[in-house]
Structures are given as C-alpha cells and as structure tokens.
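Here come two complexes built around subunit A, the first alongside subunit B, the second alongside subunit C.
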Partner chain A sequence: MRHDPLKKKTIKKIFKVDIKELLREVSHEWDIYLPQKKIGGDVWFEQVPKAGKDFEDALMEMTLEDVDTVVSPKEIFFPQLEPLFDFNEGNIIEIAGSSPKFLLGVKPCDLQGILFADEFFSRNVKDFYYGNRIKDRFIITIGCLQPPRPDACFCTSAHTGPFAEKGYNLQFVDTGDAYLVEVGSEKGREFLVRFDSFFIDVQDTAAQNIEQIKSKASESIQLKLDFEKAISLMRSKDTVPEEIYRRTGERCIYCGGCLYVCPSCTCFNVFDDAKGGQGTRFRNWDACVFSGYTREASGNNPRHEKWLRTLRRYEHKLKHDCEISGISGCVGCGRCLSSCPVNIGMSSFIREITGEKNEK
Partner chain B sequence: MKNEYVPYPATIDFMRQETPDAKTFRVHFIDPNLAGSFRYRPGQFMEISVLGLGEAPISIASSPSRHGSLEFTIRAAGSVTKAINKLSQGDTIYLRGPYGNSFPFEDWRGKNVYFIAGGLGFAPLRSLIHFVMDTRNDFLRLKILYGAKTPDDICFKEELKEWEKERNTEILLTVDRSTERWEHTTGVVTELWKKTSIHPGNSVSIVCGPPVMMSSVASQLLKSGFPENDIFMTLERYMKCGIGKCGHCNIGNKFVCIDGPVFTLGQVKLLPKRENVLYL
Partner chain C sequence: MKHILTTCIYCGCGCGLYLVSDGNKIIGSYPSKNHPVSRGSLCVKGWNCYEFINKRDRLTNPLIKINNTFQQAKWITALSLTADRLNEISHRYGPDSIAFLSSAKATNEENYLMMKLARAVFKTNNIDNCARLCHSPTVVGLASTFGSGAMTNTIEEFEDADVVLVTGSDTCAQHPLIGTRIIKAVLDKKTTLIVIDPRKNQLSKYATIYVSQKNGTDVAWINGMINIIISENLYSRDYVRERVEGFELLKRKVSEYTPEKVRAITSIPEDKLIEMAHIYAGAKKAMIVYSMGITQHITGVDNVQSLANLAMVTGHVGFLCTGVNPLRGQNNVQGACDMGALPDVFPGYQHVSDESARKKFEAIWNVVGLPGNPGLTAMEIMNRAETGQIKGLYIFGENPMLSDPDMNHVKKALENLEFLVVQDIFVSETAEFADVILAGSSFAEKNGTFTSTERRCQRVRKAIGCPGNSREDWKIICDVATHCGYNGMNYSNPSEIMDEITRVTPIYAGMGYDRLDPWGLLWPCPDNEHPGTKILHAGTFAKGKGTFMPRGYKPPDELPDSEYNFILTTGRIYFHWHTGTMTRRTSVLEREFPECLVEINPENAKELALRSGGLVKVTSRRGFIEAKVSITENIPKNSIFIPFHFMEAAANILTNPALDPIAMIPEYKVCAVKVEKL
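Up next is the complex of A and B:
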C-alpha cells in the first residue's frame, strides 16, 4: 500500500502576531537566535539579548520573510572566533559550558549546512566545543516562498530547499498572516504540546495547502543547474580540465569571502593571544584559498600555485565531501556568488564543467 | 566528551643538541596518572604547545618499548619550534596526543626492515628503530640508509655507532656536502644504492624525509622491484588540530593527521597527483 505523506501528519498553525509573545515565553529557557535587520539593512542571524528593553528592541528588528542573512547560522555553533581555553602563568583554565539555543527562521539550505557541520564535527574524534554548542538546541526552519538571493539561489538543483525535508524540529510555512507548522521531530511535537496555547488546530485542507505553497516556491527558483552531473564529473578522475581551475583562479582574488559565508565550511586556524604569561588560545575560521593554509614551517607549500587552491576549494565541496559522507558540501545557497567581488560562484563553476550555458 | 584541544603540562628532563638547529628533548607528564597511563606507537605524533605562541605537530622520536621515555627531536623552524629550542631542562611544555596512525610493525615479523631517512625525517624512524632493536628477534636483517645536508646535520650520532654494533645491522650514511673528515658517502640518499643491495622479497622499506627525497627514494625502490605496499612513508603536512577537524592537512579526501601520517606508497599513489605529495 502506498504511504500517503499528507495523512497522519500533525499540522498546526500560529498567527504571526503571536510570534513575539511565544519568543518572550521561550526566552525563559532558551537563548534565542533570530535574523535581525541591522542599521544599513544587512540581516544577521544573531542572539537576542536575554530580557528587557534590549530584548524588545531586537524583536523589533526581527525579520523572518525570505531573508538573506550575510553569514549562515552555522556561525552559532561554529563561531568565526572562539576561545578554546585561557592560560595564566602555566595554568590552563578550560572554557566549557553550553546553553540551550532556540533558532527561529533558519533557511532550509542553511539547515543543510548545519546538518553537514553536525556530521563533520562528530565524525571520528568528536569536537568538544561544537558538541557543547549544539546541545539542547531547537531549530525552526522557515521555507522560502521567493529566493532570498534571486540570481544566486539554486537549492532546487542541490535538493536542499526551498523547504527542508528533515533535520528541523519545526518548519513554518508562510500563508500570509499565519504560519502553518510542520513537525520534524519528537522534540518538535513536545514543543507544540508545551506551548499549545500558541498553536491552533487546522482544517484538513492544510496539508494540501502546504504542498501547493511548496510547489509554487520551488517554481520561483529560477537558477537551475545539473548538480548531479557536476558531482559525477567531479568524482570521475581528472575529467575536469586543469584549464578551468586555472581560468577561475586567474579571476579569483583569494579573499576567502566565499568560504567565510559558506554554510558548510569548517576549516579553522588556532592561535594564541597573550600578554606576558596570560592569554587565551582561540580558533578562528580559515580558508583553503589562502596561500598560508598549507605552508609548512620548512617553507614547503604543496599548494604553492593559486590554481591548486581553486581546485581544492571546488573539489572539497563537490567531490571529497561526497566521497567521505555521501553529502555534498555545497548546499546551493548561492552566497559564494552573491558575496564575490569578482563574480565567481559555485553556480558558474558548475555550469562551466557541465557545459551548460553560462550567462550573467 | 573529552576535550582534545587541551594540552597537558610536561617537564623537560633532558635535552641534547643534535644538529646546529635541532635538539632532542626528553619529557615526562607532570600528572603521575597521565604519565603512567600514556601509551603511543611508533609513527604517531603529538601537538606541542608553548602557551602564548601556539602549537606545532611533532613526531615522537622515542619508542614505547623503552618504558617512561617520551622524546622529540625538534628543529627550530617556526615560531613555536624556535621557542621550544630555547627552553632549558626543568622547563614546562604542553602536550596533547598521541595522534595519527602508526607503523604496522606487527605485519613485518620475520622480514628484513630497511629504514631510509632524509634530514630530520630520521626522528619518527628513530622511534621505530628503537622498537625494532628492542624486539630484534622478530625481524631479520636491518639496514639504515640516512642522508643529511652536512656531517653536522646528522642526528643521533652516538646511537648510530651503537646500532652498527648490533648483529645483522648495516648503517649507511651520506651527506650532500662533505667535509675532509667525512668517511662516508657524499651525495643524495639514492647514492647509497651503489653501496648496498636493497632487494624486495620478504622485506619492507620505511621512508621519511623531505618530499623531493621521498620521491627519488620511491622511484628507486620501485625500480628495484619493491611492491608499492611494502613501502611505508610518513608524510608531513601543516597540521593545527591533529584530529581531522581544522582541515589544513587534507590531501584529496584524506587527512594526514588521522588517516596518516603513515601511508604505503600504494596509498600515496591513490592521492590526487595535483596535491604534490610526491613528484613521481
């Protein structure tokens, strides 16, 4: 018998006007992270102050609809700069502790980036700091009705959006004055029970309604790529000509910006900041396109030529990640293109290797 | 969950100048429980910290067969290793590890073992040489082929004299630039092939040194008919974390810090050519 996904699913509804009150209640227990529109118009996925006027001000800056956050919310679990431990006259003082985190408004492509990082940081040796930060987290995704980066988003090709299929606790589907709420986990179900005054029952037509919204949202993603072909080409041995990497590498200014905004990048550097015998060991994001990334103390640098670093950047995402975990490192968010000063992006690279038309 | 990023203090018990720019350090963990429970295998490395400056990945140069001994031979190359080389006996350094795979010496029982080292690549091989010497009956003939820049750059000079006295053990040395008093070979390591026979068949070769040296040795071994999987090499890459997270040591889909640093030549040849591991 065919399993009908529209049946048996719990669907609820929450009115948009009630979101702030829900957040006020949730804030007693969780640290809240939201997309907030800051002065200048950029949207950042940041923590909301715990309470009081600052909390209310942050709620005023909350923006949940089709937002393009500059950096992906992966940053909440893997910060750009993170202290590992303090030291003082030879004594090491560990920095530990975790707080429950509540994320509202995660985009499905960014959720995929978080799931990717979850797998990566728990693979082999578990990463202590990442493990601490993801403890007791609650993620509500909001699917995109329109692509937040219209010329760059290609989630339908990468199969990561515009709505998430797994990995969320709750997923909100925008219907105008309210969100329909999908449940993605047992924790999500418990949340609905606990805050049941906010979540109201819906009519039987809701499931169908959701499917229609999702289908229309998918149609709104204009940029289509042959992602499978790209991965298959990358995974075959040396089928991508060196010349493509050299050409891309000629344009690239090696600023690392694409990797800083990438939802699945996990590389970091480690350094000490100290004065006298006192200081802190930090880790901070690093990028494989930087020339110092592979330079050894002897001066030997296996990726001494620029194009070799371009090759690494693309092969890591589209080849090695797939080989190791079966998951592509590219989530199709398009940030690498929209943030690039010289107009290079994963989508143009993919089109170049698949032979699809590359137009600007 | 264990925090792998936190290093543990250790005291420098002894140090010896090996070459003009490298010293061997013997250390012990200050925490007696850690000192007692600490285990490692030849081929593994540790991250050594100088608090305030940072960390460097350093091969273990001693053997677990000599209980309680933990030694590193460190060349003053970067800021951390320069600082370590300025430390004195009794000073504290900070260690975490051991990391990486190790030499699969269990598979080499009853075989000839050929060690081929260049420069400070001799340090990780010393761990294995000590181990093999301490379990000498498990192995047949030993040969140590070692090349350095100048006679002064030869490490473990006293030990080399001791090892030569061991039965069935041959030591061959070469330097790029010799002096009048130098009695051994002059030239690159592969020059030593003229002085001894390195034959495959019931033999393994273990190679460590700079990339150019390892490349020419690998070619020479293949020319001698050595099967790729009887050639073991320990690779070097910039490593920050040692646990497969920071990304710096990635080669293709491998991380030198967890999938290596010991690879067979067969495994190395499967790595992307464009990563310049060897120049073959």
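Up next is the complex of A and C:
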C-alpha cells in the first residue's frame, strides 16, 4: 500500500531533549519499555522501573539512535519462557496478568513482526495469554535513517521499512534535534492531545520534509533483493531446486537461533514442570528447524532429513505465511543472518533462488 | 524484565550471554551481539539454558540422610554435621583420609575457596576437579614441552588461519561456536581443513583431507608427519635452532615412523599422510585443534606431547593463527585448574612442593604446615575410597557416578565412604549416596568469574535470588570453613575473593572486577595496567626454550579380541551436556535426543540383523547396558560409539578405568565390547 503524499496527516514535533520528561509523565500510567544500551554496547528492549532513582538510571541507558537488538521486541508480548498457569491437585490457578505497555523506539520491521504475531495469536483461537499481554498497548515506532544491520537487513525489498506505513500509534521521524511525529491511530491522536505540552505544531513543509527523510533513509538500505520474485518462486510448485535446500541444510547446526530472533516467529512448545500434584504449565519458544518438531510418537518423522527441515523453514516464511495471512512472514530485518553461526540467512537464500549472485 | 550479561554455563567457548529475568525467575537466554566469541549467536544449548534454572526439583534445602532417606535440614545443622564429620575423620585417620572434588562448572572464586578449604583448613592436597578426566594430559603435556598447559592462541584466530588441523574433537557438537568459525573460514576459501578422527562428524565434511585412523594410534601418525617434515627439509630450521631443545632425539625417534609403518599401525594411507604433512608444514598460519580424542587415552600425555612436537618443529607456536589449541570442555575447567583445584599445584600452577610457594600461601591464609607432597588425583581418590584409605569425601558440582569410568566400581567406592557430602543444585546420581546434600546455586544466582578455553577470565553475574533456602556456593564453602573454626574465609562478596586471588596468582594479578568489563581479560595478566595476553609463547616459550618430547607408539590398554570383538568409543553429542543434570531438564534438548543411541556401522548392523532403533545389549568386562541403535556410516566398521549422558544406558558402566600413568586420565576412548541383538 503506497503512502499517498497528498493525503493530509496530522503531524506534530517533539524535541529530543523533552523525551525524558515525557516518559516521566507516561510512567504514571504505563509500564514503559525502552531500548537500553548495556556494558559492551549490546541493546535490549527493557522494562523501565517505576519513578525513582532506578527509573532515572534506566533513562540514562536509553538509546533511540543505535537500536540493534539481537532479539526483536516480540519478547515483550511472547517471552522465551512464559508460565501459563499453576495447577494443584487438578485445580488450575490462573497466574497470567496484564499491564498497559508503552513501547518507544520499535523499528518498523519489528512492528511488522508484532502485527504478524497479533494476527497469528487471534487467528483461529484467541490466545488468552498473548491477548493479555497486548492489552492497552501503545507503540511508537522510530524509522531507521541507517540500516542497523547493513549486511543483513533488507526492509525496502520486503516493504516493511525503513518507515512503517501503518500499524503504529505514533511514528517518530528523526530530524536531528527533534522528531516529527506521524499519527497512525486514534489512540495516537488522543495521546498527542493528552500530552500536548510536549508536542509542537509544525509548518506546512513538514510533510515534504518527512518524505525527503524517508526517501534518503530508503536509499541508505544497501542490501536489495527481488523479494516478490522469491515469493512467487516459493509459491509455485517445484521451482526451487532441492539442491539449494540440501546445501544450506548441511551447514545448519540446529541452534534454532534464526527462528528465535525472528520478529514473526511464533511457534512454541508446551510443557509441565511438576512435582507431586503441583506444578506449572509453561510455553517456550520452539523452532521448525528442529527434528523433534515433527517427530511422531512412533519415531517416524516426515522431515527426517536435514534438508527437509531447511525447506520447511523457508516455506513457512515465504510461502505458507503468505497463503494464510496475505503477508510474508519475513520482515526483512536480517537478524537470522546476523545470528547464524554459519552465515545462513534469508537474504542469501533469496538471492540463490532468484539467481542473483551471492558473495560466497 | 531485565537482561543481565553473564557467561554461558555450558562449554569452554565462553559465549557472552544475557539471562532474562522477570525479577524473580529466569525467562530467557540470549546471545550478546558484541561479545567477541558469541557475536550474536549461540548454540542450541546456550539458547535454552534458561530452562533448567527454575525447575521445581531444584534443591531448595540442605538434606541429611537419616535411616536411608533424605530429610530437610536447617543450614546450621547440615554445615556443622559436615564440618564435624570431616574433622573427626581427619583427626582419626589423618588429613589425607579425606578428599575434595571441586567443580569445573563453578566459578573461579568457588574453586579457589574449595582448594583453600582443603589445604588451609584440612591440611590435605587431596583436591582435584574433572579436568582429570578430560584435559589433564594437556596440563602435563604442554607444561613439559612449552612450560604452560593452556590453549596457545585465541578463538577469533580460527577465522584467519591458512590451515586448521583438527584431531580428536567433534568441534561442531562440543564447541559449536568454534566449529562453525572453522566451517565459515573453509567456505570463505580462506582455510584448508585437515581432520583426523576415527569417527566422521559435521566438520569432516568440510575437510580437504579427512582420515579415519585406528583408535588410539595418534603418536604414530603424528610422528609420521614429523618424519616426513624433517626428512623432506620442510621443518623450521631457525625456529628449531633458536627456540627448542632436543631436535636430534626427535629426529631419531620419528625416523622409525615411515609412511608404510604408519599405515600399518593407523590405517592412514601413505599419500594422505604425506599430503597432510606438506599442507601443515607449508602453511604460515597453521593451527592445531584437539580435544578428548587425543587426551582420553593411556597415552594421553604422549599424544599431547607429540602434537606439541609437530607444532614446534614447524615453527607454529607463538604467532598469530598458529599454536596448539586444546578445547577445554567445561565452562570453567580452565579456571578450576588455574585456581589450583589440583593435587600438585596452588593457584597459578605454583607447585605445592615449592617451599617458597607454601610460605607465601601460609602467610596469606594465616596458617602453618601446608602439606608439600602432592595429593591424590580424582581417579586415585575413587580407587582409595573403594579400598578404604579415603574415608571422607566432599564432592562439589560433579557427578562421578555417571562421568567416571567403570560405574560399578564408583558405586562401591561411594558406598564404602564413612562420610560423603555433595554440594549441587539437583539430586544427581552421585548425590543419592550422600550423607549430607548442600543446596547450592546455579550460575544465574551468583557473582563470580569463569575462564574459558582461550584463557578469557570473564564475569558471571547474579540475575536472580537462590530458590528456596538454597545458597550461593561460595557462601556455603565459607560457612563450612567457619564451622571448622577457621576465620580466614570472611568475604562479603566474590569480588573480595578475586582480590585475594589477584594477590597470590601472578597470571591473574590484573583480574580485579573493575578491569573485567565488558568482555574479560586473557591471562597472563600480570598487573593492573596489563591488557591481557592473546598469544602465548611469543618470542620465548613460557619456560624459556621449548623441549621436544619424542614418544613411541603404544597400543591402547584393551583392544578387541575374539570374545569382545568391537571397539567402544564414548563421547558427547550436541544436544546434551555430560551427565545431563541440566540438559535433560530442558524440554527442547530432551525432545531432540531423548534416549541413548548406540552408533553402529551399516555393515555391522547387517551382520547382526539390526534395524534402526533396534535394541542391543553391549557388554564389556566391567558390565553391560541395553540401548537402541542408530545405524550410520560415521562410525567405522567394528567400532561403536555411545554417548555418556544417559543414566538408563550409562556408557561408563562399560568403560575401562586404565589410566595414563602421568596424567591419571582414564582411557574413555577405547575399550573392548561385544554387541548382541536383543
């Protein structure tokens, strides 16, 4: 869906120096999640403590420019390990709670992953636990001026960035000392009204300014792929040679990393941890590259060979997800490549099947 | 939710890992993007290490065995009982009637404390750790040739080597972030890979030369390579002349190992041997990698010394992308050794027989009479427990029931003890025999440091509180010491313990916590300004000149015969870790590999009329197990491979406790078995 530059959208502006004060206000009502820079430079989305010294310390660690998290913020709504309920002698004790979550600094590709997960977890059965976690959620995306993973991310090819077109409450566009603010939803509009002391009116040239920034940002994405061609190849029968999957699959060491870091991966395993009649039922991240993912009780496994599991992983993202939900599962974030110990990634796979040259 | 930077608990790669905490429990484990080893990746074990930490069957209280059942006890009771019983035995039978097995999974600080407890409080050198079972030949073998028993180069150098020679290491399974670096370097066309291993593995597929040598014949092929290198004048004349002694003896010894003789012993074809020698000698940046396939033999020390000879004769020690690189298995087995949890050395490998070293430690610890005779090694401790000379044993974070060879003998040994105290986080198979179980802490619940295989000493950070009434391991050891009447273990936190370590351990002198952020330091780090040392033996060897140690081939202790006609080799697999106390409590890992599988060659399977998943009984002179088979070309004919992770089909019921005479490591890699279809 192309953005229509002629359509009038509400645009405001907030100075970067005012962000911390805004967050202090917001913290009274929401649990705030911000990108935090840790020792050594790693960045993670973390929940910021409520007001006080710890809150101020967390604000000090905040980074809105250099946001490259190994795992996407999907972990906020779909944690790696999630207790679902306790049980005691046959009685179920619900423990899942919810709280309003405020996320600032989500990347557009990660937003797409979150939206994908939203759809997945409400597709046939509304997932109670996921639903709880996203209730009263507020997301502010910040578009990328430079690709955070220049060798790996390809959002322009996947049409998921470097700025989001929909699905956000507010989107911040970095102009240097300030952000221009785009409204994406009614909740976003209400927020601007509530906190109007922080948001300034803009001149008519703001829309044009935004277009220029977005254009320049798109040009900065060096890695370009023929994403549509890849999807159409995957969706048409038997056009991708088995040999490509075999070669890739042989190298794979089954760490699960590519799927654990993927913003749109939602597969999970369920298990109980019990002692006597008491216990907790959990779910945790699973990955379709594992052999046990489809191993049957008899020991038979329809995906016994490695290459079949590699095939499954790529078909999930580029074929089945498109067929089921209309959008591709791959959001072009490039994390699968960045986190692969043997340099297998969506981008190199796409290049192979579309016939574009790979460096190695 | 918070992300806390720590170091992975599993292997010696030492990946930077973030534990995710919800304030109370651990809910995730992620790789560090900027850590020099992990660089945004982890293996399947690291990605799933969050799960075992808060399992319900964690030990949450100390336990005391009363009338053959374990009952919950108060800490003060358990600690006094431990101190009293150990003291009683020590007074009645002498200080060397008790022994300590420290944990290669625990922190450096905790290993230091265990060693201090044994020596300063109980006046015995009977302390060892599981390095005995894995890299003790490395410590001895490289100390005798180079002067220092550690990996000479660093993990990142694998990315730029011209040649990597891997022997006796299933690197992709056991050290995935090293194995994958080698694969990437090969695929980038930078690196030529040579793999010598009886068993094919993930890495051998990428090798330019892969040879399957007969099990336990390593001295022969290594001497064979050296022979070719010397006789064809491919050796480094200047390097050998200036930096190493004993060349003539080496030359004479290896001259017996012609390619024909090597083939007869090892079954490696002559042309392959010659090619390997040419490739390794001809490269400037050539690295040797090895692990259990070299060390777990009665000739473990010989094997290590032979590899050292090969590296020295070609001038491949002391430069970038060269060296002899033993891959230490456990997350902190390097540290456990560095901290002196060994019977013959203090921290920093200062010998107990060295009077000045003893005087130094007596002063720091405020004691007199530190013993000067080396104590017993882990295998000797177990043997003497069975015969009754060791009466009291303190086992910390170790599970010898499953990890020592000849399990039936271990069982007898543990049953025969007058007093056994086990400190652990779960009730392991070993803990079942204990009189007292002390409830310790996982790596998520304490501060400290681990030292990885590349000598990187780095931080472990407390992310959550200890569950129930369990306690941080370092506090427990201090409390035991205090209950013994010793007041030299009053530390408020692990940083203070490290401060003491830096004062007494020259290679760790600059390792105070304020210097270890973000990614630790590589020892030797002799002072507070020093940036750590990447490459060992640059310029000179740690002991000045290197020494060639020529060795002759000796066959393994127990080879197949008409009755026990298969070679059994044991080892690890990717999804599980050692005795499974952690990985078998992890849902994804247990699902991927839920039971023991005996690897057998298709020809043998056909002869035995076995199908995949068929049941077999495997018997050795020590005992028997029953398990399913996995039929694969990876294992040569007339050999089988059994992973040792599974109590219900414990490979170590079968293994041979024959030891390397110097390093005292058991020959896990070779024994004779028979295989019967059930």
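Quick notes on this structure:
Basically, the second predicted complex is superposed on the first by the 352 of 360 C-alpha atoms of A that agree within 3 Å, B and C clash if a C-alpha of one lies under 4 Å from a C-alpha of the other, contacts with A are read in each partner's own complex, and residues count from 1 in each chain.
Going forward, a contact is a pair of C-beta atoms (placed from the backbone, for glycine too) under 8 Å apart; a residue touches a chain by one contact, two chains touch by 3 or more.
All values reported here derive from a predicted model rather than from experimental measurement.
Once the complexes are laid over each other on subunit A, subunit B and subunit C both fit without any clash. Vertex at the C-alpha centre of subunit A, arms toward the centres of subunit B and subunit C: the angle is 80 degrees, rounded to a multiple of 10. After overlaying the two complexes on the shared chain, residue contacts for A:F271 are found with subunit B and with subunit C alike. In the superposed model, A:E94 lies in contact with subunit B only, and not with subunit C.
Legend: residue contacts after superposition of the two complexes on their common chain; A:T294 is shown touching subunit B, with no touch to subunit C.
Contacts of A:G257 after superposition on the shared chain: subunit C is touched, whereas subunit B is not. In the superposition on chain A, A:F85 contacts subunit B only, with no contact to subunit C.
Contacts of A:D286 after superposition on the shared chain: both subunit B and subunit C are touched.
Of the two partner chains placed by the overlay, only subunit B lies in contact with A:F128; subunit C stays clear of it. Superposition on the common chain places the nearest Cα atoms of subunit B and subunit C 10 Å from each other.
Where the contact sets of subunit A with subunit B and with subunit C meet, they give residues 269, 271, 274, 279, 286, 295. Within the complex formed with subunit C, the residues of subunit A that make contact are 36, 38-44, 46-47, 68, 70-71, 75-76, 79-82, 250-251, 253-257, 260, 269, 271, 273-275, 278-280, 284, 286, 290-292, 295, 299, 338-343, 360. The touching residues of subunit B, when paired with subunit A in their complex, are 1-7, 9, 51-56, 77-78, 81, 92, 94, 210-211, 236-238, 240-241, 243-248, 250-253, 258, 272, 274-277.
Those residues of subunit A that touch subunit B in the shared complex are 84-85, 87, 90, 92, 94, 96, 120-121, 123-129, 131-132, 242, 266-272, 274, 277, 279, 281, 283, 286, 288, 293-298, 300, 302-304, 308, 311-312, 315-316, 319-320, 323-324. Contact residues on subunit C toward subunit A in their complex (touch as defined above): 1-3, 5, 16, 18, 20, 22, 26-35, 40-44, 46-48, 50-51, 55-57, 172, 176-177, 179-181, 183-184, 187-188, 202, 205, 517-519, 574, 587-588, 591-592, 613.
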